[in-house]
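Listed below are the structures to be examined.
Look at the two complexes coming up: chain A is in both, with chain B in one and chain C in the other.
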Partner chain A sequence: MARSLVIVGAGPAGMSAAIAAQARGARVTVVDEAARPGGQIYRQAHPALIGDDFAEASERARKERLIGAFERVLDRIEYRTETSAFALFKTGELHIASGSRTEALRADAIILTTGVREIAVPFPGWTTPGVMYAGGAQALLKSQSVLAGRSIVVCGTGPLPIVVAAQILRAGGSVAALATLNSLKVAGWQLPALWSGRELVREGLRYLTTVIRARVPRLTSYVPVRVNGREQVESVVLARVDRRGVVIPRTEREVACDVVAVNYGFTANNELAAMAGITMRHDPPRGGWLPVVDEFGRTSVARIFAAGDAAGLRGALVAEAEGQAVGAAAAADPEEITRPDFRAGLAVALAARERLSAFQDAMQQLLLVPSGLWRLPTDETIICRCENVTLAALRDALTAGYLAPNTIKRVTRAGMGWCGGRTCLHAVSALAELHGAPLAEMMTPRPLARPIPLASLANRAPAGRP
Partner chain B sequence: MWRDMLTRVRSDAGLAQGRARNLGKSDDETSVFFSFENRQVKARVGQSVAAALLANGIRTLRIDEAGNPKGILCGIGYCFECRCVIDDEPDRRACMVDAKPGMRVRRQQGLA
Partner chain C sequence: MTDQVADVLIVGAGAFGLSAAWHMAKRRDAARIVVLDEGEFASGATGRNGAGFRMQWGLELNIRLCQESIRFFETAAETLDYPRGIELKQDGYLVLAHSESAFERLESAVRTQHRFGVPSKMLDPDECCRIVPSLGRKGLVGGSFCAEDGSASPFLWLDALLRASRREGVDVRYGTRVESVARSGIGFHVRTRVGTITAGKVLLCTDWAVPDLVAPLGIDIPVVPLPKEILVTAPAPQIVKPILVSLEHRIAVNQVGRGSIVFTVSRARDGRSTESMPDFLSFAAPKIVDLVPGLAHLPVLRAWAGVSSVTPDMQPILGETEIEGLYVAVSSYRGFMTSPAVGRIMAAMVLEGDTNDPVASQLNARRFAAGEMIVEPLLNQE
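Right, the complex of A and B next:
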């Protein structure tokens, strides 16, 4: 009988794994929260909204090629859209919710391609309507055809703010300033790595050219330190920071805007992996706590695999190559993987992953967030937005010696709200480390990974094989 | 230069959504109407409630339990900051719900 396989996520890694596994005869089920495939990076608009795309042509071509290939296997796989995976157990039982129903799936193999989410360093006023993640502003543009505001300040670290600023401009929007923490120069000396990612470098330079031609004020080593406006953003104060991330006095500049789009990098969506008891490792530049995987995506728990950014932030091209290898491995008999000809059959995908990972390693220099930035929040700044936990409340707990994430959560309620800590956990851990928490620790992930109404849990299909 | 920019931007209501060059057009065939706080709002077919409200200049989607105004943060469904009351059901994520004709949306105040 053909092996059954469930893939969580329909981004580059998930789509590519589905195609590879289906080609090897596996019975594939893909579950994804969105209505259309693509994940976040290849997010697609509703068919009625498709207009101009503000991405580079080469980037659009990659997106169309992979989504096209995925669509061609749709009649041979099961693709469950608008479906959330909310629990995964060591036994390999995956729980999903769709509409008002829940269901448990069992399969011979499960691949987690849950991707990453954005993070930000909280600063005074960051809960004011108008402050949003830069990728969120980009998502509004690419899937909703809406500009986040009339006058947008884009800031943060890494390449994303540059891309978002350029796409806003190409859509006819106005960027009041582009403030980046790290200079592009830090990646500039790693020539072999840049060469291996030359297509992405070329795209990046085109985006930068768009920003320069539009005469957008560009500030390097500047970060948002404060937002003015009570009901909504009226202006943002940017200030220069030194190498340690500490604000340099008298460098503040106020810029009028109605949106502050900020991104300080990404953290892995690791809840399902951790919930299943998979051995995790801490790798901050690659997304924090990650499942330990071997070259074929096998985790410490039998039958559970991980691929793409959820197994370490390396971008869409690596995710696609890795999805091919992991999809093939999950579709194979466990013994088959150990044979030399199995690896030989995946040589192209494995080589592509290695080559493109080298480029992503070079880019990681751009994503570094120095510890001094964590001094941006003041006593009144809200760290956990769901439960309104301020820095003062958090610091009281830390000073009292509650340093482990689980304890901080119980004492302060940070991480106990609607988002399940997805917004604040990264900040809570970073602030705890500053207060001398011995080692980065993980908050114990508990079901549910998504809020599910009790009625949906009661409305439950019996466990079955897909 | 920075002071100039501040004044200029404050007085410039110019680049409103509709006038942005490349975002496509909406006509009656591709529009739906729903209500927000008893006010008629126009959305394009396929737009989320949050995106349509933003296009109409509405940013505050919720007043939280402590009285703080809240709007879109992540835009993709995981932060739960944009929870609205939609057709009398609280805690619906405005960024994840497509705008439908006749929908009644209001700001969530605290828990409901």
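Right, the complex of A and C next:
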């Protein structure tokens, strides 16, 4: 009998895993929260919208090729859109919700391709309406063709702010400034790595050219330190920081804008993996707490696999190659994987993953967030938005000796709100470390990974196998 | 370790352990009091409970324990010098009956409560639904209500006790598991992973884990773990003013000050796991929707479990064991709500040998050997 396989997520890793597993005869179910495949990076426009996603042609070609391949297997797999996976247990039982109904799925294998989400370093005013994640501003463009504001300041680390600024300009928007923390030069000397990712480098340079041609003020080593405006962003104050991330006095520059789009990198969507009791490791530039996986995506818990950025941030191309290998492994019998010909059959995908990972390793330098930046929030700055926990409240707990994430949560309620800590936990951990918290430690994961109404939980379909 | 000698060593820094430590430090300035806990702050049953307190019981001893404790909660912010407060909420507690027999038990309990000055009253289904409009009518026979009952934050209660105890000189150490307790001369050797402490007297406040430490000494404390599973919703406008408990549904509902609603749903379950079980949400959700249909739309944020304890007659065990100087305080799953009074009682008992407290004198473990069982009418025997 064919092996059953549930894949959580329909981004590059999930789509590619589904295609590979289906080709090997597995009965595949893909669950995804979006209405259309693609995940965050290959997010598709609403079908009613005609037009551009303002991406580079080569990037668009990659996206269309993979989504096209996924769409060609749709008649042979089960694809459940607008479906949230909200709990995973070490028994391998996956709980999902769609509409007003919940269901427990059991399968021979589960692949977690849950991706990453953006993070930000809190600064005074960062909760003012108008401050958003850079990727959030990009998502508005990609899916709705909507500009986030009339005059946008884009800032943060890594390549994303450059891409977002360029796409806003191409969509006819106005970028008031582009402030990046790390100079692109930090990755420049790693020539072999850059060569291996030359397609991405070329795209990056084209985005940069768009920004330069539009004469957007570009500020390197500048970060947002304060937002002015009560009901709505009126301006942002940018300041220069040194290598440790400490603000250099008298470098402040105020830029008028109605939106501040900020990205300080990414953290893995690891809730389901942690909930299932999978052994995790801490790797901040790769996305924080990550499931420990082997080359075929196997975790410490039998039958549960992980692939793509959720197993370590390395971008869409690595995710696609890895999805192919992990999809094949999850579709195979456990002993089949140990045979040499199994690996040989995946040689192309495994080599591609290795080559592209080297490029991503070089790009890690761009994503580093120096510890000095964590001195930007002031006493009144809200760190946990759901429970309105300010830095002063957090500091009171830290000073009283509550340093472990679980105890900080109990005393301050940070992480207990609607988002379940998805927004604030990385900040809480970083601030705790500044206060001398010992080794990084994880907050105990609990169901649910998404808020689900009582009525939906009560409206439970009988347990079944996909 | 800083100090290897203690006048009193308390095992367990939950509500019982910390309350006893604070009361002891207040009673005797010079006493060296050490509290050891194997986990981190609030990681045990206190930090996982549903947070309600009530004086609506059917037995004098439970009524008195809770009356004294609620009076303490009311002024805890001042008494413990904890300006942030413990999120005290006194909007009443509505005990619901969905059968005639449960209703009669409530009526008889309310008569007892009135003898001790509890301002409780009986309500018909209309009155219940007026107080809590989201309540379902199905099968509802009525309830009893007391406006002075309520809830507080177990985390802040423990934090207040911890900070106040440390100010009084109590030495509280987390991450310190006690491996064994052994008699030594007129005191005890308490062996931990990181060294041995010599203590004059020992008080065990580890609830269901007490037998682990006393069984090797030949002492029988009959208590077993009682897992409780809990879920909490996103914050909602104030829609459930009092705490609700349904004797038949075995569900307690507490909308805390921030608006989140905490549901404690009981069922027979073995083990000591603090993980939420895979089938819990689908077990609990239909029962909750049945009890309070008006809350069905609320999103559930989190589910967890806590392991409380239960004794053969479901009443606490407070007292000295057969070994002089070795004391136990076992909650039988009402540790949080009774902890202020139990702390005082145990402090008096351990420091001054006072066993004349009318409540404590009934709760020694000897009652089981004598075949005496205390029956609290408002608890379902499980």
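FYI, the second predicted complex is superposed on the first by the 466 of 466 C-alpha atoms of A that agree within 3 Å, B and C clash if a C-alpha of one lies under 4 Å from a C-alpha of the other, contacts with A are read in each partner's own complex, and residues count from 1 in each chain.
FYI, contacts are C-beta pairs under 8 Å (C-beta built on N, C-alpha and C of every residue); 3 or more make two chains touch, one makes a residue touch a chain.
None of the values given here were measured: they were computed from a predicted structure.
Asks: Look at A:418 in the shared chain and tell me whether it touches chain B only, chain C only, both, or neither; answer first, second, both or neither.
Replies: A:418: touches chain B and chain C.
Asks: In the superposed arrangement, does A:108 touch chain B (first), chain C (second), both or neither?
Replies: A:108 contacts neither chain B nor chain C.
Asks: What is the contact status of A:203 with respect to chain B (first) and chain C (second): first, second, both, or neither?
Replies: Once the two structures are laid over each other on A, A:203 reaches no partner at all.
Asks: Which partner reaches more residues of chain A, chain B or chain C?
Replies: Partner touching more chain A residues in the overlay: B.
Asks: First (chain B), second (chain C), both or neither: which does A:322 touch?
Replies: A:322: touches no partner chain.
Asks: Under the stated touch criterion, which partner chain does A:46 make contact with: chain B (first), chain C (second), both, or neither?
Replies: After superposition on chain A, A:46 lies in contact with chain B alone.
Asks: Is A:460 touching the first partner chain B, the second partner chain C, both, or neither of them?
Replies: Only chain C is touched by A:460; chain B is not.
Asks: Which holds for A:136: it touches chain B only (first), chain C only (second), both, or neither?
Replies: First partner only, chain B.
Asks: Regarding the shared-chain residue A:117, is it in contact with chain B (first), chain C (second), both, or neither?
Replies: first
Asks: With the touch criterion stated at the top, can you tell me which chain A residues are shared between the chain B interface and the chain C interface?
Replies: Dual-contact residues (chain A): 417-418, 451.
Asks: Taking the touch rule as given, give the residues of chain C at its contact with chain A in the complex, in rising order.
Replies: Chain C reaches chain A through residues 40-43, 47, 155-156, 159, 163, 233-235, 258, 276, 278, 281-282, 284-286, 288-289, 295-304.
Asks: Report the residues of chain A in contact with chain B in the complex, numbered from low to high.
Replies: Touch residues, chain A against chain B: 33, 40, 45-49, 51-52, 54, 117-118, 127-133, 135-137, 139-140, 144-148, 150-151, 170-174, 176, 217, 230-232, 235, 253-258, 382, 385-386, 388, 417-419, 422-423, 451.
Asks: Please give the residue numbers of chain B that touch chain A in the complex, ascending.
Replies: It is residues 1-2, 5-7, 9-10, 12-17, 19-24, 30, 44-48, 51-52, 54-55, 59-61, 64-66, 68-81, 83, 91, 98 of chain B that touch chain A.
Asks: Inside the complex, what are the residues of chain A that reach chain C?
Replies: 87, 89, 91, 93, 95, 102, 104, 387, 400, 402, 404, 406-407, 410-411, 413, 416-418, 420, 446-448, 451-455, 457-458, 460
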